[in-house]
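Naming follows writing order (A, B, C and D), and every chain is counted from residue 1.
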Amino acid sequence: MGSLQALIQDLVIANRILAREDVVDAYGHVSVRNPDNPHRFLIARSLAPELVGPDDIVELDLDGEPVRDDGHKLYLERFIHAAIFAARPDVMAVVHAHAEDTLPFGIAEATKLRPVIHSGSFIGANVPVWDIADKFGDTNLLVTNMDQGRDLAKCLADNNVALMRGHGFASAGRSLIEVVRMSVYLPRNARALLHAKQLGGEIKYLRQGEIDARNRGYSPYSTETWRAWEYWANKAGCSHMLTKPDAHGHDHKHDHKK
Amino acid sequence: MGSLQALIQDLVIANRILAREDVVDAYGHVSVRNPDNPHRFLIARSLAPELVGPDDIVELDLDGEPVRDDGHKLYLERFIHAAIFAARPDVMAVVHAHAEDTLPFGIAEATKLRPVIHSGSFIGANVPVWDIADKFGDTNLLVTNMDQGRDLAKCLADNNVALMRGHGFASAGRSLIEVVRMSVYLPRNARALLHAKQLGGEIKYLRQGEIDARNRGYSPYSTETWRAWEYWANKAGCSHMLTKPDAHGHDHKHDHKK
Amino acid sequence: MGSLQALIQDLVIANRILAREDVVDAYGHVSVRNPDNPHRFLIARSLAPELVGPDDIVELDLDGEPVRDDGHKLYLERFIHAAIFAARPDVMAVVHAHAEDTLPFGIAEATKLRPVIHSGSFIGANVPVWDIADKFGDTNLLVTNMDQGRDLAKCLADNNVALMRGHGFASAGRSLIEVVRMSVYLPRNARALLHAKQLGGEIKYLRQGEIDARNRGYSPYSTETWRAWEYWANKAGCSHMLTKPDAHGHDHKHDHKK
Amino acid sequence: MGSLQALIQDLVIANRILAREDVVDAYGHVSVRNPDNPHRFLIARSLAPELVGPDDIVELDLDGEPVRDDGHKLYLERFIHAAIFAARPDVMAVVHAHAEDTLPFGIAEATKLRPVIHSGSFIGANVPVWDIADKFGDTNLLVTNMDQGRDLAKCLADNNVALMRGHGFASAGRSLIEVVRMSVYLPRNARALLHAKQLGGEIKYLRQGEIDARNRGYSPYSTETWRAWEYWANKAGCSHMLTKPDAHGHDHKHDHKK
């Protein structure tokens, strides 16, 4: 299997995992940068992630326009992905979703979402909240053009996650596996913090040094990382699509460079 | 397939989706106005929505009485549907359900349910709470006659959703797909607001202009709307019953008229 | 099928429903009075309710002792059932369970569990909390003899449900279907009240007149009651065991006597 | 089947149960001391517990090193198990996991996790919170060497459970069945306490005498204990792996000695 085919397979798995783990429902999407052409990325056509197969993957450029016109309807919010890939050369994969337990932190202004559990460390110490109304006034809240996408990417800056007020979040990772993992544990971290707040008293957030230590130790194809990917793929009913890391030519090399 | 047959099929799908998404359990029901005769509507006989098939659909008039007497037991609360269809010519479909997470907002008087997330915008800016006791005193809380149904419809007025104190809600939409979607996201919006309240501080509700913008952009057979319908039908195990929008003669035309 | 065989079948269904609806897990049990001999009742041998079949049903007397010694291990807490059947000739079926969301109301003394939703009305206006420690001091919290059972039954008095502090609840109904329904909606009512409290402000409980009106209208084999039983049996994978109400000789007559 | 084979089978069941009951996900592990050599214990190679089979079980010594080098990748945090087995000769089985609802009690310092429900009694009256940062400063929060393991074991002391701040918990039992049961009911006890706190007012914790009474009555192969093991194994799809208690030579004798 060529490395691009392996990557498309992984993107399908990512779609299914995010659906099975309740990060996305009919809405929400995940994309990966084309390792052979950093000015392009792969994403599904307009379809619920649970139903995505290899033939549903399309290639878009960094303006969110399709590279080939094959008549597919596209996600209205593909500009989130295009703008983040354009602004952040280090980012290889992006998720946008409406995971329910992240929503309260975009709505209640007083409480900032921060890592409190080790599996939540990858969201990073700072999770900005982007409010589309600040710049664009009354909209349907969707990011439907590059201007809005760029404004969101600017708010994200060099963080890993931005909450979107009344809407959801965008997360950016160094690999598909990383961004999926971050997106699965983000709502869990949110719930842990919400419930800790309800218990009252002082909250022990992860320390900056702990976040840094975890980040330094992260490797997208380590045994530990693969363990979760394999587990989630199995739960999502697509373990038969798993390709061993060494099948990932480009991606694999990239992952071990840091 | 005739357009009425397609509509009955859709009504069966709507029943199954609402069951699968925990909006209804053994109780709760969904109805659709007969596009060929606006003085009649289709609804299941007295049966748990999960178990409803095409042969279980009956036709009632706007007094809640069956058009044909085929000996079926009917839902006690069919008057909710009859009264709303009578009062609201713009409404094509109605749901009544007891979705758990909507209940607290009918019980706790201090907090008003309002849209806080984009998928909740369709419930509208104003969600009145109807208390059957206000006019009818001590009842079994069920809407079992036209008088009670009309009082509920009056409280609903031209809103999309009315909460029913200690009981559930009634929602009204321009199509089956719209009312199902509204009913699925209503409890999610309720949970997001409940949890945001627990985080404390000021709540950022959707702005009126945002609610209006989303409403203006809504089309019951757009790619985005269809995506959710297809996804939910698949989860509910009845994707084989899906009929493409262009099979919907009447309904389809109606949907695009506005 | 004889009426006792039909009742045993129903008792198996009740076990499976309570397991499927998370009212019981490995622990918890349901019993039904022998309609041919009111001094005896039917209950499973010591086995997780989900795994109970017709051959696992044993017959006990009102001291909790087996009528026939067939060597089966029995539930340690069978005395809950024996004592309630002995004290309450009107009761035909009993559930004891640890349903998670009822527990907080036995632990937090300040808030009384009361009906707030129509499906919760059958728990009755007054839900006493029994604390085994009040009379028996330091125990393992289990009701393991008739003395303890009788003390619980005394606390229950003529109510339908008693919470057991740090342990669970006992519920008593006029039929198997009624006690199962009450036990399924009890945790739902508890959650609705907990969440309403979190929203703050005044709580609108069901009015006494509403509870009475619902109770007066209840019939264990009405279309509405059967609808839920059929739905839950189907979810629990045992709809093939359902016997139509008219197969229930004794039980049926009893149910319509009131 | 030899007693070691039966124990390995039980360890596989334990892995599957903990996965099915949401105590572990891709991460978390369970181990059992080798009854024939108390200086060694059995645990899976680095693999998600849900996917563990008999061939994935490896044997480690009390420094966390493999007895045989068969090239398997090992859990990074195996030192938790090694250190607890080394410090506590009475402990026969250990679980480490990140069960979500235990996390808030490690993060919010004000509220101590204590038993409030009878099934939670086995966590013991005192549940210390271990903060890796107290001694080791900024780490990735994982217990990756014996020093850290020993510090955790020291904090656990002769208790049954230690919470690990921002990370999870470690629990220690007298048998596999006991430690699994404790780990399943620990999050339930945590939720019951969290929700009771939300109801407000004074909390009725289990009394010390009650915890003691329950502990005295515990027997790992009683009918009641087996009932839960059988139920959970069935839910986890591995009831075919169950071996009756009398197949457990060593383990069985040990269990009844106390």
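Worth a mention:
One rule holds in what follows: a residue touches a chain if its C-beta (ideal position, glycine included) is under 8 Å from a C-beta of that chain, and two chains touch if they have at least 3 such contacts.
What you see is a predicted model; the values in this text were computed from it and never measured.
With rounding to the nearest 5, the Cα superposition of subunit B on subunit C corresponds to a rotation angle of 90 degrees. For the self-contact between subunit A and subunit B, the two sides draw on mostly distinct residue numbers; the shared fraction is below half. Subunit C and subunit D have Cα centroids lying 33 Å from one another. Touching of two or more other chains is recorded for residues 197-198 of subunit A.
Arrangement of the chains shown, judged by which pairs touch: one closed cycle in which each chain has exactly two touching partners. Subunit A meets subunit B in the complex at residues 25-27, 46-48, 50-51, 73, 76, 98, 100-101, 103-111, 131, 133, 137-142, 165-167, 194, 197-198. Within the complex, the subunit C residues that touch subunit B are 116-119, 121, 188, 191-193, 195-204, 206-210, 212-214, 216-217, 223-224, 227-228, 230-232, 234-235.
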